[in-house]
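Just so it is clear, A, B, C, D, E and F label the chains in written order, and each chain counts residues from 1 on its own.
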């Protein structure tokens, strides 16, 4: 039965379309999703996750476990860069290390979506506040990484200019965070009638747009993967080992904090996931010295596919063993 | 209960997304809807309104009231510029006055949609011909405004070149009018089976795309609002008072012509609304001397939000008091 | 009753939107579908056809008739250029002849979709493998045409460079073929639950997106039609006569091979249809000397509308007379 | 290679067709248009944002010889003074095929 | 017609706003931006592909006189050395309206 | 600042990859591509309209020194004579970082 779960996950339409995208590039197909269309897909996904998350949030109970899991979410996002950075410094310069640390402390929305779909498949409950937890994990990692960077390199003119106020502001209003937060808010205040009217759009189309978005991600991942060649085995192992470590820590802490099975699993997935949209854009602005040929393909072409194929079932088996 | 109506209107998902768009820009978020995506939304909305309007038109009775309301629609669109122009000339040059007059004589499709949604919320009937009425109101205002402009300024070489035939043609084939008219036609001739097949697209997705389109409108409105600063209080008051005057005239005339409650309300909303898509584009071509920093933000950033938040409930209360 | 079928076909929403697009351009409307949106429509259509085709393929029986119809599909695609080329050479140079021959040997996905919708309308069954048959017909025509071209013109430096391996590869991975094949594969392996989750996207939206895509095709067809003027009556007659010949041959062969009514009809439509997306792009690369002002508008502005309005009912009446 | 002039015009998208019609009559042999261009000059900012093309520029490039250049200079200047936009002219070599 | 200089800058989309802010302070009178430009130089390839703008360039065109050119040269050089990008300068004639 | 040459090529989108492959072999150090460009010359009009890229141009900009210029001139000419397109060359100064 455990193999079933793994195979079902691998054969789900969105996962297959990700691989279709990879294959398209490797087979030198000219298949490409125009950028505005790609943006439309991600606007749709963020809008829908926000609206549905808001609906669930409005119906969920606020108890100690909820607060603990939100706290743990922030803790993981801020904590991951702390150990990742020093681990990375053995192989990379300060800039690249900080950039990669920020990437892995933050989260991937599509990985989260896949985990939620997985939970529904295996009939395991989770809290309505987990979309909020995800949103809370978007930004702390970048702030912590910049803080480390600033304190480890001798602050010369350029670096000393980091404006923390600007950074905090930016982390709240960057387009992904803003659209999810805004849609979350609308989802909370909207009436049941409103939700019903939106349902054919938000629920009906979700799987279709998700599959197309993953097709696009597969294409982009494959185009960026060649840049990894220089990084070699270390880079690729790192992109798989770090998620495993992050998930393990999240699972252990969840266990001792008494967080429920479903929420612990999602926190593990979020901690294991790495950002390849919002954080890379922010890193280009704040750490222009870092090589985007490293941190983007690591997150997008190694960690993301690892998580949605093997990682998610694996984190599930571990939590299942502990929680039942 | 009246407050309820107002609050429900303010808390509807599309209205909230308009404000989300405004806030995004004010909070300096980088959230933006790529232009092709924005076009897709408006193509979808025009297509859907046309198809659904055609379906309703095919089932509606043609009686005296229908003809009277169509006539009143054209009358309002042509009449508004007549008084608006001379009112505006006190503060603006001829070109800007004509451009603003044309903008306010014409209509806003999204305002009309919001009014229709409002009617459904309060369970008030309206005629299947009102989409046709709306379409009839798109163009007369621009023609009248150009006519006034040509007759008030000493016609030198450039202005005397206005070709009325070209203008009439243009007003029938400009993309918004053409797409609505065409979809209206398809909606009329399509079989019931056809309409059922299209329903998941036209009806199912409507609220979702409307919300996203309003998000975009909010963003654009906020980006254009700074241009209003120069115009000051006069401009902003004008952008609220003129709609009130237009709606009042439409209501009074409807009342004496014996037009039904629902139709009168929609005619008031249409008269009060101002164009920020089709007419501004046409004005750039026909009155290049006019400053688009005035007429676009007035319609988009002041009149539109005023109408969809306060105007619509207000026009409803007034008509309700008169009709019942 | 036969007239009914014809009229219903002409009044279906997608056909009407094609004419709306034509009229838009002829009436000099500025209505245009931005290219990324147009791409989105075609990605949606290919995705959906693949997924649904895969679902049907998974449920269909593999018997002799299936293999025969797949074989006939390839035979028609490879055979059409053989006679078309020499027919065309009477009026056109070698390059243009080869380009047009390739265009007419290949197929049009939207024509196929219209034929399938037509079959559902008249309640006639067809095999789940016909989407596969369509995909098999995409490429052979181009390969055969290039082969003829290479063997008829004295091979000088440029032409002798045709790399057959590259060409075969290209014909398998060009974006349309790749996306249909990939989606077909996902459609085959996806669970019934998966198909149900995708249905609101794939089935619910199909007619709507098809109508909008045809609107776009109408616009593009009309913009390209002027280029045909030079070709004159010969070109236009050719663009109608060749489909008729191709359909007739497909019908006769199907009849003698014992292929079922529905499949024979679809093979006739596929043989009669001409490519205006995938093949023109491939021809620009492989036969740059050919004039795209000929082969694109012939397929898009003459053959396509002929097939979806008159051709499809006609091929149906002929097959009906033979098969019943 | 031939000595030619490169005319670059930034112009509101809505006005491009009219200008090209004028220039075609003056005998230009071709043109290139880069659509969806943003910009800011003396007039309103062209931010290329949604809804319609009223706030979007085209970047038009026209390669001409000396003779055509002299013919089109005034018409372009007149057109731009009415509809806004900018125009620069520079030398270039045309790589003849 | 006036003798002017045309500055062309290829720059990551995310950095454009910051550069224009600097140049506006130096007194440039306008600018034109061609968005969604791809390219390759010494650093990572900008393939303009989906997801975000981190791999997309802007092509910025700024027409200036000699005086402003001298003022902006160094700031542009400094900016590009930090954020990547390329810049070329050439002569042109500005067709005054 | 260095004296360089700016090569501008308008070319059908479908042919861009092949040309860049040739030029990369000749040693160009970088390139910039503006996609979705429309145009009209001696051949068919490139209106950039939907369905596929067959009617859409790319605008390619390549900055080279004198030596590379001499190396790429003939290959570009040959390529364009087969696949259509236009090419102009002009002087420029490269603002070195």
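Structural remarks
Rule of thumb we're sticking to: a contact is a pair of C-beta atoms (placed from the backbone, for glycine too) under 8 Å apart; a residue touches a chain by one contact, two chains touch by 3 or more.
Predicted model only: the values in this text are computed from it and were never measured.
The set of chains touching chain C and also touching chain F is empty.
Farthest from chain B in terms of Cα centroid separation is F. Distance between chain D and chain E, defined via averaged C-alpha coordinates, is recorded as 20 Å. Centroids built from CA atoms put chain D at 39 Å from chain C. Put simply, the C-alpha centre of chain A and that of chain E have 34 angstrom between them. Counting only residues that touch two or more partner chains, chain F has 34, 36, 48, 90. Shown for chain B are the residues that touch two or more other chains, namely 32-37, 39-40, 200, 204-205.
Shown are all chain pairs that touch, namely A-B, A-C, A-E, B-C, B-D, C-F, D-E, D-F, E-F. Only residues 1, 4, 6, 29-36, 61, 63, 90-97 of chain E touch chain D when the two sit together in their complex.
Listing the residues of chain F that touch chain C in their complex gives 12, 14-15, 36, 44, 47-56, 82-84. Residue ranges on chain A touching chain B, taken from their complex, read 34-37, 39-40, 43-44, 47, 51, 169, 172-175, 178-179, 182, 185-186, 189-191, 194, 197-198, 200-202, 204-205. Remark: chain A residues 8, 11-13, 16-17, 20, 23-24, 27-37, 40, 200, 203-205, 207-209, 211-212 touch chain C in the complex.
By the touch criterion given at the top, residues 8, 10, 34, 36-42, 48, 57, 59, 73, 76-77, 80-81, 86-90 of chain E touch chain F in their complex.
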